[in-house]
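Next come two complexes built around subunit A: one with subunit B, the other with subunit C.
What follows is the complex of A and B.
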């Protein structure tokens, strides 16, 4: 028996996962803030503390994500795309297309039947299909981002947004609110606009079932349903979809 | 007897009304605001007061711009591209290429004899539009009107690598807390917008003279940055915001006169000067 640590330093959140051999034992998710190294250390310590072990019990550590290079206590770094692929293949071996919705970036990854990466695409130029869009929406509606999903599901008539740009959608939402549109219809409209943008991305890697949605965006049930509507099929969503890459990193660490 | 005409340009950010007789009789610029669908009549009322005219004195009215369908009292809707070309040609007849930087879009228009030859437009992405500058001004705490002058004192414009407005906002605030100076940041913001606009407009075959219109033309820092990116001087009309509304009013006059010449009367809108109603 040995313990392995995977750390995913994302632009929004830092995730640490501890595996015992290849079994998930504990994890921690904290905001990345301005100091990525500190976030990596803190999330790791949180995860270790939960199962009463310390850093010296860890046999191997792999870092991934936006700020992976700064994690000096990791033995190696691995790209977040690879970690995602490993993580999703571990959780849902039948998945061939992963849609990852992070705080700043959204990605689509196409896997073969062995879980190897065939192709991937990432949108780093535009906040249109990213978690940022949800943050903007929560702010203008003065809501907690966690409540958007459930509210969205109560909508009977989603607002049609004419734009996929987060900035323009914000002013469009403000206009619609002042005309009396319901918050639920606004959120559902935003989810629809985001999912169209995300599907465009996923189409470019090839839409092959089964599908999984990962990242912080997967915690928004309204967004997931909107994506499923576009895909015309269900998707796999892990119990904690935000730790997929960190889990992949820990699994990879156990294989070295 | 002089006939009077009106052009109403409902932009995403500003609403402009021009009343035109023999020359400009009234010119009103007001914020569009979130309630823009109800606003057109109020701005028109103001313009009529300024012109000392009654609504009934207007022979023909054209609405243009992003919100043109929300002007029930207008007799006709015409796209802002056509109106821009018309208005600009009357102000600066030598201009062949117009760069318009509005609150929520940017455009390039090629003109010949006051008519549109071709155009390019970005209204899909906030980068390269006035909104980009507005958001940056807000997060830097600099009044929008001071951005231009402030950027002229920059010694080395900051490099802003993000295209997306949302990401660039983070980048700018990070650079500010990292010690970059305000003038350099503001100059970098203008360069970013100028780069985007120039790459859009270069899809047209740019011919001099080049003019800039829209709210962006009021920002001297942006104008200078654009001149650098385009590699040529740009002309600025005296009131760069009203080009579209002026063009709409002139077009209203031309249409009216064409009909009267043929002994006909153009069909008019039946709505008076009342609020547009929605969700009815």
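What follows is the complex of A and C.
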């Protein structure tokens, strides 16, 4: 038996996962803040502490994500796209299309039957299909981002946004609030605009079922349902979708 | 403040002479007046190179100067200058960079511009544009420039070639396009004669055109050496070694450069010297101008064992015999035929593969001949002529050829504000992993 550590330093959150061989044992999610190395250390220590082990018990560490290069205690780095692919293949082997919604980027990854990447695509430099859009929405509605999903599901008449641009949608949402639109309908409209943008992106790598939604955006049930509506099918979502890349990194670490 | 980047560690020795070429071209525009020569603002791939050379007109290449500004990370001041007069950032940044430079130079009285990268460009005596299918700013860039250089005469010719139609044999139309292009070139000669006060020396023009043909052949012979395993030169170098073909066509220096490069590549092949050691992945740079401020990204690819033995960008020629040009004694008609046949060279192949496109056929041809494992495009947002069709090309390639890994990088040619190194490297990392998995699958 051996322990393996996977660390995903994202632009919003840093996630650490500890696996015992290939079994998930613990994890930690903390805001990345302005010091990625510190965040990587802190999240790793949190995850290790939960199962009463220390860094010296770790056989191999792999870092991934935006700040992976800064994690100097990792033996190797691997791209977050590969880590998402490994993580999802581990959790849901039938999945062929992974939709990852992170804080800054959304991505679609097409996997083959053995979980290898066939192709991938990332959004352009645009917050339209990313978690940033949800943060903007929560701010203008003065809500906690965690509450957006459930609120969205109560909507009966989603607002039709004329844009999928986060910047323009912000001013459009403000106009709709002043016109008396319900917060639930605004959030549902935002989810619809985001999902449509994400599916356009995913179509470019090829929409092959089964589908999984992952990343922080997958924690928003309203967004997941909107994506499923666009896809006209259900999707797989992990119990904690934010740690998929870190899990993939830990699984990869166990194979080295 | 300008930021100098380190040179490429894996560059060929011959490529190291390129800065001298570029500096020489810029310096020639600055000292032309002393030598009693006329300077013309010129634009690449416009078919007018040999006319300028035959009439001793010194070309001042805006695209080259803007590229130098970008590579030295010193373009912002000119982009901002153009922006201050309402030129949008979404316009071609080659154009806005040089227009901004023109504005600065005019404010200083038209002489040398202090602190201009590599001395800048001399004030032109004429502007020789060519509005053609290659790039839409070509229609308005010269006129926009004239807004600041009121006394400088402008010629904008029109060099066209038949559009691709899978149901139509373009060979039936090409003679009309050739006739049109020839007449446009003849108008260009008349314009140059008027503004230089000299008559065209037609024998000299014919000799220069013949030298250009030989340079085209030698260029392709040289670049085809890159088919070797490991490849002795990749696109990182080709973004420099394109300079003589692109900016010095019709000169002995350009021909001699490729002879030297040919010899060096042969030597590298004999010694088994490659760009990456070991060479693990072979990629094609399938479309798009590079980010001149981030040429180091090619080395990042190399550090992963990935090399580019071939690129579409700046490979602006083909072996003359493959173009099967009709014989003519008129050098202008020869240029026109070479122009039309080059740009339509992949039409016949594209018609034979349902759903394909000439640009895609060219990529497929190179993938097969250079044994490539993956395809990289660069979408430069301010360059619409490349940017607009890239996704379509990528999707067509997958549809008519095979599910080969494709990476679309995003950035710009000159505007560094669009670039994020960490994000670019992250995409490259994931792409290399996808190519690795593709190779394993194919094996």
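Going forward, the second predicted complex is superposed on the first by the 255 of 256 C-alpha atoms of A that agree within 3 Å, B and C clash if a C-alpha of one lies under 4 Å from a C-alpha of the other, contacts with A are read in each partner's own complex, and residues count from 1 in each chain.
In this text, a residue touches a chain if its C-beta (ideal position, glycine included) is under 8 Å from a C-beta of that chain, and two chains touch if they have at least 3 such contacts.
Predicted model only: the values in this text are computed from it and were never measured.
When both complexes are overlaid on subunit A, subunit B and subunit C end up clashing with each other. Looking at the shared chain after the overlay, A:46 reaches neither subunit B nor subunit C. By the document's definition of touching, of the two partners only subunit C reaches A:78; subunit B does not. When the two complexes are overlaid on their common chain A, residue A:59 makes contact with neither subunit B nor subunit C. In the overlay built on the shared chain, the residue A:120 is in contact with subunit C alone; subunit B does not reach it. In the superposition on chain A, no contact is made by A:196 with either subunit B or subunit C.
Here subunit B runs into subunit C after the superposition, and of 7-15, 115-123, 223-231 or 241-249 the stretch doing so is 223-231.
In the superposition on chain A, the residues of subunit A touched by subunit B in one structure and by subunit C in the other are 125. Subunit C meets subunit A in the complex at residues 391, 395, 398, 403, 405-406, 408, 410, 418, 420, 422-423, 426-427, 429-431, 433-434, 437-438, 440-441.
Subunit A makes touch with subunit B in their complex at residues 104, 125-127, 132, 136, 163-168, 171, 174-175, 177-180. Across the complex, subunit C is touched by residues 66, 69, 77-82, 112, 116-122, 124-125, 204 of subunit A. On subunit B, the positions that touch subunit A within their shared complex are 12, 34-37, 104, 123-126, 131-132, 135, 163-167, 278-279.
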